[in-house]
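The two complexes that follow have chain A in common; it is paired with chain B in the first and with chain C in the second.
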Partner chain A sequence: MKIRKFLSAALSVTALGALAAACGSSSSSSSSSTTSSAPSSITIGTAYSGSGAFATSSVPELNGLKLWMSLENAKGGVYVGAYKKRIPLKLIAYNDQSSAQTAGVQYNQLITQNKVNILVADFGSVLTAPAVSIAQAHHQLLFDQSGTGIPFFTPGNPYIVLCNLPESSIWPTPLAQYMISKKITKVAIVYGTNDFDASQAETVQAKLKAAGITPVFYQGIPTSTTSYGTILTSIAATHPQAVLELGYQPNDTAFLQALQSSGLHFPMVFTVFPGQLFSLFQQQVGNAGLQYTYTYATNFFHNYTSVNEGLNSAQFLATLKKQYPSSVNTLGLLGYNTGLVVEAALKNATSLSQLALRNALTKVSGNLNTVDGNFKINSEGAQIGELLPVAQILPSGSTTKIGIVYPSSAANATAVYPAPGA
Partner chain B sequence: MLVEYSIVAGVLLGLFYALMAMGLNLVFGVQRIINLAHGDMVMLGGFGAWELYYGYHLNPVVAIVVMIPITVAVGFGLYYLLIPRLKSAVDFETLSLVLFFGVSQVVEALAALGFGNNERSLPVSSIPSHPVNFLGQPYPADWWVAAGVALPLLAIFFLYLYRTRLGRETRAVMADEHEAVSVGIDAARVSAISFGVGLALAAAAGVLAVFVFGGVDPSEGVGITITAFAIIVFGSLGSPLGTVVGSILFGVAYQLAQVYTPSWSNLVPYVLVIGTMLLRPQGLFGRRTRIA
Partner chain C sequence: MLDSKGGGKPLAGLLRRKTLLLDLLAVAIPVIGFSFGLNFYSNELLLVYMMVYVALAHGINISYGFTGYLPFGYFGFFGAGAYGATLAILDLHVPALLGMLFGGVAGVLVGLLLLPLFRLRGAYFAIATLAAGEAVADIVANPSLQSITNGPYGENLASVYSSGQIYVAALVFMALALLAVVLVKNSRFGLSLRAIKESEYSAAMAGVNVVQLRSLAWVIAAAIAGVGGAIFGWATTVFYPSAVFDSAISVFAIVFALFGGTGSVWGPTLGTVLLYGLYSAVGLSSPQYFQLIYGLAIVGLILFAPRGLVGFGRAAVRRLSLRRAGANG
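Up next, the complex of A and B:
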């Protein structure tokens, strides 16, 4: 009996020892599996507009992202902090042909079928809009490149982060301040009825009203509008001192061409995209049609010599020009900077889970300085680190150049107001 | 003042729209085909003008004269490539929709490959650019140029249709192809030429569209086809005169909408189609449907 008890106790001890050993080996094998379970590649999924109204902006943005990927892959991949190693990047990009409906289907496919690690939105608010709810529903973090519409950023949604450009409500703040400083009291605003332009129009109107100025013309038009002749005549009938046309690139081009051929002159004319796609506008509208037009100056026109992530301005421009010469513009910069934000998320996240990526970006917010300036987001994921100064396109010999005219702290040129001929 | 402006602008642009839609109506009238690639032909006309301007320094108005015979020839060949096989199908009209939808997609994709995705425009100075004063108000010069080019082209088209032997044969085929054949008309040849003329009208409109729409890009075809289709339904399918009147009314309605309800202005083509279908399905010139 004693012998049986002894054998039983010995067996128990042996079993416990074996269990402990097993636990130990399990622990160590778990540790080794963390390393071995690192994915062979980090898949980035995005939609882009290879054709259609948004192609001129979307393609350079995609090229900027591809530039970042190629630079990282040349180093062996992007550094993933959770695995303490570099992992090659892979891109899945679907052409949505500038259709929000098509983009919506593709975002779904990228999440559910391709199971991408990183979901990047297409250019602008129109094509980002379908991604916001889809990403939230699937608990996938959306790296929003340039969809700055106010409705995208809500307190209950941690699955979005605006990588570049301020939220639309912030964009026109310097613009409104500039008009108030110039004592402009008669302002005409025509805007596209989409989240991006409508948000800006509402902000400008609110800021002007707060200064006691009610716009003499305030009208939304379909985003697809390309005929502005009659609208310009309606605006002229109100005798404005400033005309703000808030649209996408095709709208701005058509508006400036119509203005040029109408023979109408206003003391101040503002459009959004010449500052982002300056060379394209020089080709499409011509220097004569662009002269004295106001626009937003982006960080593309700022020389950042010191950055703590990625290339500085000079290096970036040289590299982009070499690899994607047709994308040397603000949108190319935004695409590249999106990559840097993705890089920061992967470097600082404790795992590849979507919330971990989001938390990592909250952690680096305010401390990430790139070729696009300081990356800073609020609790809703909206970018608040950038302000877009007011610029004016000024004659420069036989061509034109962009000069920053407001605020004075950022200015490198003096505004010409009223524009000659008005 | 704005009402007057809108009406004048609507008439000027209406003449341009008439040129843009006429080819679609002609092809439908003769062959009972809704050419869903019509807008893409307009788009190719725009790119043609761009290439001729920057490649050969050819004035866009002169480019129209150069392009017309070329596009008639291309359309003639395209007809024999596509239509005879299609005509042997049981449901010819429905299948033609599918075929030309495919053609539209292919043309758009090829244009994107060939010309790139960026919208291209011609300098305002490539045509007379000084605003024209009329009834005390300035109108963009390109609207007058568009109307001034569209009007004689439409006049020539009507002369061809009503004052030439080929035009009479075309109208005979439009009225009844079988009867036309029975009196010795070569319906296939007439149809092929009509197809070419339809394409030429579209290409000519495409040159002007670069100025009226502010540029040309590979994806604009679908929107143009929808607008042209709305106009010919409104004016009556198969009626050339209906297309002209419908275009002018469309132009005026669109300009008035831009002044008084800009947010809704893009609904004008769709409201026209739905309104026509509900109130007068045969269109403005309904009694002459399919009879030129």
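Up next, the complex of A and C:
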């Protein structure tokens, strides 16, 4: 009987606690800023990966954003249209160590504790995912830098905008067209079982099948995979004309290293990240291992001389090299361009409210030309103005360079196919 | 189940009542604390995760603290729970709160599936559960199962997101997990588990049904992880398999439980609140020193309090009593 009394007392405490928590949580929603007086600073909050699997991509992105901030602060701050004046920028950046769970807590901290004006997501879909619902629940616009995952963009959510890069499923469209144009019929595809890579694999497969080509090898592997020896042997047994390895940077590096040490040669090899982190791949894989590898050509390799926001390509490269020499790559560009999108939102919004910022971006969509090309979003906030041509890493003296080989309208080099030695 | 027949031995009965009271306080204090947590700190996701980790550390407490089986692959139940609840909510259209129970069921089903692992012991058992957890993750993320689990594309529970309901669910879940530990600790069942931990053979010789009781503890731990995963998934809302089948979840839960001290009701709660609080505070304030500070805290624990905070406290009290007894002659 005594035990029952104890238990009923404990359950009562729990029930009362739940009631108190319900009251507390219902009153804890944050509101968006609509104050009439100008703030002393515009606070930008973001999470980044200072260590872990995504650090090599996340740190340059953060540096690109910092570059934009330093350039604006040098002018006295960013121009805020609602107050018709420049306001200094302040950055709060938390290190999530490549953990989605930690990133989620930090996004929440940025919104509920730091009450940032602008919320910027970390690199990639995995670390952007926890921000999507948190931002939506708190009615805070999420400036998505490179989280191109399909589930993020839904009709009922106006609180997200993809600043750079198209949805990952769109990425390989020119790649599939290139292979079809080269009459490649035996294609091997190995991809990481994550949203980013699997959606690309699915798109390539669908486009090839539509052209009557069925991949001779099509296999998903865990994203944590860094040992490709057995997989390469299995692929070689199918005698493919093209091998596509769709992974994150650590996967691509491991794959190319394994390919080099295996002694195998294929007429065409494609990986995702060399085009984004070229100098890193030159260090990790070496020029010999990179030669004739295909990759995506981002706008980092395009020379934009005429822009209506921020620096042009030449100015941007010179400034980035000076301030962040280790971040001279596509990710550095994406971070900087995120800043330009934030700038456009602040310039054109009628207030600092989050929906006003979102509406401002809808207004400038299609008319904003930056060092990353044309910024254009659909009604769900997904980027549709950017395409990723196919590039090939070509020998250039004792080193290598990236040449855009497809489509012909963007090409600045001629593809070498099949690769020598295949 | 509880043995309250202490009337014949007043001292033993008194001690038992005192222990039970202390244990129930270990339930009431965290519940009351977290109930009002949002009034002091509005990062509700951090508090929700902390409550989930308190429960998970107690799941480890039941499996390892009482039975001696350390499941490195605990995240397998956690991830299964996240997916079980999500599928119930999205495909069976059950209310989100009810969906959390489906998470528990999914955890239990995976737990039952992995029962043959008890043929192994010690490090072999721990590593085998790790492999099993990874296997469950790979099955869920397999693109061939896209029609069921959405494969690598993750899940989106935005349509049922409710920060208030999630907070209350986490609070009730934590309270129930704590109560479960109190019940286990103060019952004949808990006594049998501790006997199994000391020596399976001696326990069996004394009439303990080792297989049955060990499996029951395992299933309870799996259910806790399953519901924990379900609440975690609901709170995270948009998640990929890698987020819920993350081995770091097991590592955290194990470290929190060991830091506080296993085999008690206070230990894992203290360990979680202190270490997860430190983890979050350092991560937010001084990320550049994060690994250093966190590493030093764990090294300090191993060197100075290998039996956790509760064990350290007990030893200190014992030393004080002995010193006092010595001083009194």
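Here is the rule we go by: the second predicted complex is superposed on the first by the 386 of 422 C-alpha atoms of A that agree within 3 Å, B and C clash if a C-alpha of one lies under 4 Å from a C-alpha of the other, contacts with A are read in each partner's own complex, and residues count from 1 in each chain.
The definition used in the following text is that contacts are C-beta pairs under 8 Å (C-beta built on N, C-alpha and C of every residue); 3 or more make two chains touch, one makes a residue touch a chain.
This one's a predicted model, so the numbers in the text were calculated from it and none came from an experiment.
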Output check: A:P222 vs chain B and chain C. Expected answer is one of first, second, both, neither. What do you get? both
Does the superposition put A:Q257 against chain B (first), chain C (second), both, or neither? first
Greater residue coverage of chain A in the superposed arrangement, chain B or chain C: C
State whether A:Q97 touches chain B only (first), chain C only (second), both chains, or neither. both
For A:V126, is the partner it touches chain B (first), chain C (second), both, or none of the two (neither)? second
Of the partners chain B and chain C, which touch A:S51 in the superposed model: first, second, both, neither? both
Which partner does A:T193 contact after superposing on A: first (chain B), second (chain C), both, neither? both
Just checking: does A:I213 make contact with chain B only, chain C only, both, or neither of them? Give me first, second, both or neither. neither
Footprint overlap on chain A, comparing chain B with chain C: 50-51, 97, 193, 220, 222
Can you list the chain A residues touching chain B in their complex? 49-53, 55-56, 59, 97-98, 190, 193, 219-222, 224-231, 233-234, 237, 249-250, 253-254, 257-258, 260-264, 280, 283-286, 289
Per the touch rule above, chain B residues touching chain A in the complex are 1-2, 5-6, 9, 13, 108-109, 112, 117-121, 123-125, 129-131, 137-143, 211-215, 217-219, 223, 254-255, 258-259, 262-263, 265-266
The residues of chain C that touch chain A in their complex are 2, 4, 17, 20-21, 24, 27-28, 31-32, 34-39, 41-46, 49, 134, 137-138, 141-143, 151-158, 161, 163-164, 167-168, 171-172, 175-176, 179, 182, 235-243, 246, 248-249, 280, 283-284, 287-288, 290-291
Per the touch rule above, chain A residues touching chain C in the complex are 2-3, 6-7, 9-11, 13-14, 16-22, 24-30, 50-51, 94-97, 99-102, 104-106, 108-109, 112-113, 125-126, 129-130, 132-134, 136-137, 149-152, 154, 157, 192-195, 197-199, 202, 220, 222-223
